[in-house]
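Report on the structure given below.
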Amino acid sequence: MRPVNAVITKIVDETPAIRTFYFDTSFEPIPGQFVMVWIRGVDELPMALSYENAITVQKVGPATSALFELQECDSVGIRGPFGNGFDIKKGHILLVAGGVGAAPLAPLAEKAGASGLKITTLLGAKTKDELLFRERFEAVGDVRVATDDGSDGTHGYVTQLLDDAKKYSQLYCCGPEIMMKMVLDKVTPSKVQFSLHRYIKCGIGICGACCVDGLRVCRDGPVFSGDVLKKSEFGVYRRNECGERVRV
Amino acid sequence: MRPVNAVITKIVDETPAIRTFYFDTSFEPIPGQFVMVWIRGVDELPMALSYENAITVQKVGPATSALFELQECDSVGIRGPFGNGFDIKKGHILLVAGGVGAAPLAPLAEKAGASGLKITTLLGAKTKDELLFRERFEAVGDVRVATDDGSDGTHGYVTQLLDDAKKYSQLYCCGPEIMMKMVLDKVTPSKVQFSLHRYIKCGIGICGACCVDGLRVCRDGPVFSGDVLKKSEFGVYRRNECGERVRV
Amino acid sequence: MLSLTLTGLKLKNPLMLAAGIMGTTGGSLKRIAENGAGAVVTKSIGLEPKGGHSNPSMVEVDCGYLNAMGLPNPSYKNFQGEIDLAKEAGIPVIASIFGGCSLDFSEIAGALRADAFELNVSCPHAHGFGAEIGTDPELVEDITRSVKKATQVPVWVKLTPNVTNIKDIGLAAQRGGADAVVAINTVRGMAIDVESGYPILGNKFGGLSGRAIKPVAIKCVYDLYEALDIPVIGVGGISDYRDVIEFMMAGAQAVEIGSAVGNNINIFNDISSCMESFLEEKEWTLEDIHGMVHRV
Amino acid sequence: MLSLTLTGLKLKNPLMLAAGIMGTTGGSLKRIAENGAGAVVTKSIGLEPKGGHSNPSMVEVDCGYLNAMGLPNPSYKNFQGEIDLAKEAGIPVIASIFGGCSLDFSEIAGALRADAFELNVSCPHAHGFGAEIGTDPELVEDITRSVKKATQVPVWVKLTPNVTNIKDIGLAAQRGGADAVVAINTVRGMAIDVESGYPILGNKFGGLSGRAIKPVAIKCVYDLYEALDIPVIGVGGISDYRDVIEFMMAGAQAVEIGSAVGNNINIFNDISSCMESFLEEKEWTLEDIHGMVHRV
């Protein structure tokens, strides 16, 4: 597919560094799927769909900064949705979100909530201000919070809240790789689904830029079960845009 | 579509100069549609489907001669079916066939017969031996015969049998252009459908080689209503393979 | 709102029939004209009547067609009547012509009356070694110049994409005095019947047209627009209005449509009305989109 | 029944992974190897680490893809480990390499251990005037010769179709001592976003791959088979077993598969088994179909 022209209909400041951009187009994603967002003349970036018709973006570099300069009525080009998305299992599920990692988990929470699942969310961020989508998670279940600076909830990493993992039927995790690796080391791998971040070039499973060992994050993922990742390079190193190994 | 490999399963001598080639493939045509028959290494020719899975060929030149050399188990490449086919109208219909022109009319007769229409056929040929598909027409209705040499039926052209055209709801005609022109001049044009012969190159409506005025025989035809042809070059001239006008 | 002046010719819209499509008879050209084309280009016409290559002369492949018609044509000596008939529809009729050397071309252009000539310098029948003459800048310049001398009407030169650098050929045409270039002719290609090992086309290989070649044509038009001062006319793979917009953004002032006419004889009317709505909605004119990609 | 010896390498089947597809990491090469490929070709590796062009670097178009990755690669200095990892799967691993001149190429080939080298002489980064080096026969001959001196393993030269006459380039590679040629790399192309007038690719234009280019590739293979004495390896638009048969009939001794891997990572196994059934039914061997179109 060629990029679809998506006009920005609304922009919401979620936290000081994170904004949600709503479009005039619904992409009907499975929670966890992503789109390639083309900021014309600048770059094209992978972004999870945080709503059927929206992405939620943390400003981290040139392209996300360019995105933050766009106004309502401006447009971007969007290809997707791509990837597999989360596999929703029955029972009492636990969501573990770090920073902007809450973006793909919030629609998952809402979909699981709508089908009557019991949901607990562990929500982490650097500071209280940066906690993302707290209300969306609270609307469908319990939320426990951790902040790096202790400004809200537990002081420290969200992984510290992960003591009773056994009682959940399935865990869903998205956040910095370091944090996800800690989760993987702490729980039964087959019970966790991780949404991974790798450098995405083509987005359609051909170039191989996004591979974690032989697995394509853009096509076979971005969601992988922990047991697939257990013996992989996940948590050890990733690739930069040249394909060089970079320690996580 | 690329040519389909069609294996010859049976060859039947219909007349001294006309043979039917049956294939292992059914083309599910509308009566009157044709296929492009590729005799590999030789040429590709338009041929009406005389059965769902067969063509009936008169040997007239190099390519048809090459076809006559093929045996059972040999194969040809077939593209199609192409063209519009006959539009079967209710009532008492009249078929007017000259020579190998009986090929597209016989499946029409059978289809019309199966749906209960009353059918009369005027069948013409040079000699008695060359009368094609007489039994197929007789099986579904009356048949009246004319031969150029008087060896069977009326002595003369089949058009001589065409006195009571008014009583038929629709006429269907295929044969030499001269003969079809005589039919067109004799009856109400809107009541006759003619299956035309023009030089076919592409067979898919792009090159324009087969045009009768602006109409493509391969795509808009090969079947045309008489009123469309009335003021056209039909019966006056055709084009040779260079596109030069040639008097009919 | 779609009208324009192209090398001096007034067109009601920038959509023209490409050479070799429904272009051998006055009747078929007229039918296309009546179906909304801004202008029509005839089949390429040569010195002597030619029957072309033996069949199969065209076959559908993935996303396009391969053809090797072999330039069947009745010769210019039998063609003026067809042009005159086509003219009855009231739009410009452009005669596509071909030959093996500049003398052939100027003989034909000197004898035929048409609103413009399109020189098909991409035919594989050149005198000499059988290479396509359109791959040799000097020949292209020479042919263009001699046709310009032989006629008063605009002369367009149709380029082949089967070259290392299409700009060189475009520049040669411009030097020869061309009023416009047309890009592209078909892309060299071949298809083989896997059941038998035979090449499917009677001529063994042929030219690829249709949607498959659109990105190739867009790049050629883009390059030519950058290099030349004369208008570029785009052709190759157009099947809907967005394709036309894409060509014009790449730098085409007008376009020609070939293969897609087969499945939609009314394509000129269809595209015109879609283009009008699109431009209206975007509040763009033809001028705005012409070459737009070079300005963003 | 599908096994063959290609420039001295033993392959269990003639189906190889094309350069630039899942070829940057040992892990991804290994995965393809385990999914049935006869051999794998790595991403093209250069002198220094390169991040490639900015995104979008690939977009789907009608019947194919346009890409302008810009040869992202970690440099040969960081690549031996990936090759060694890929080798664990037990099939030949061919290193694709690129550079701006023969010195670059021979430096890389001298330093890397692989079962063969494939020279990507179709990258747009040549020293000098920025033209593709693969369009200049002398450069191609020179580069091939210097790599042959730098290594003992077979050297294949991968050709661009974006030339007037691909035979000339193939002959140059053969003169330089190439053990095989590989045809084709992508076809020059471009796509424009009609909503904005922007070229879709970050690099503005790119290379067309996928089904759209198969007829072009078949013709190139056909021409090269006629002109050369060394084996021709076919690539371009293969997505099922019939495509492979078509390439082999045109003259390819083996093939590479690129874009189609995206939608079917198991394509090597799938095609192998279909090919076996087809050949069995036809009572043909690989030898029978190799170059068949030249014999009928």
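Here the chain labels run A, B, C and D in written order, and each chain numbers its own residues starting at 1.
Operating definition for what follows: a residue touches a chain if its C-beta (ideal position, glycine included) is under 8 Å from a C-beta of that chain, and two chains touch if they have at least 3 such contacts.
This structure is a prediction, so every number in the text was calculated from the model and none was measured.
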item	value
Minimum number of chain-to-chain contact steps, chain A to chain D	1
Neighbouring chains shared between chain B and chain D, ordered by label	C
Centroid comparison with chain A (C-alpha atoms), farthest chain	B
Chain centre separation (chain A, chain B; CA means) in Å	66
For chain A paired with chain C, centre-to-centre distance based on mean C-alpha positions, whole Å	50
Cα-centroid distance, chain B relative to chain C, in whole angstrom	36
Distance from chain D to chain C - Cα centre to Cα centre, in angstrom	33
Contacts with two or more other chains, residues of chain C listed in rising order	61, 191, 196, 198, 296
Numbers and ranges of chain B residues touching at least 2 other chains	40-41
Graph class of chain-chain contacts, one of line, ring, star, complete, other	line
Those chain pairs that satisfy the touch definition	A-D, B-C, C-D
Complex contact set, residues of chain D against chain C	61-64, 66, 131, 135, 162-165, 187-192, 194, 196-199, 205, 208, 211-216, 218-219, 222, 237, 242, 245-246, 249-250, 289, 292-293, 295-296
Chain D - residues contacting chain A, complex	20-25, 27-28, 30-32, 43, 49-52, 54-61, 65, 67, 69, 72-75, 78, 191, 193, 195-196, 198, 200, 202, 258-259, 261-263, 265
Complex contacts: residues of chain B adjacent to chain C	1-3, 5, 36, 38, 40-45, 75, 77, 79, 200-209, 211-216, 219, 232-233, 239-245
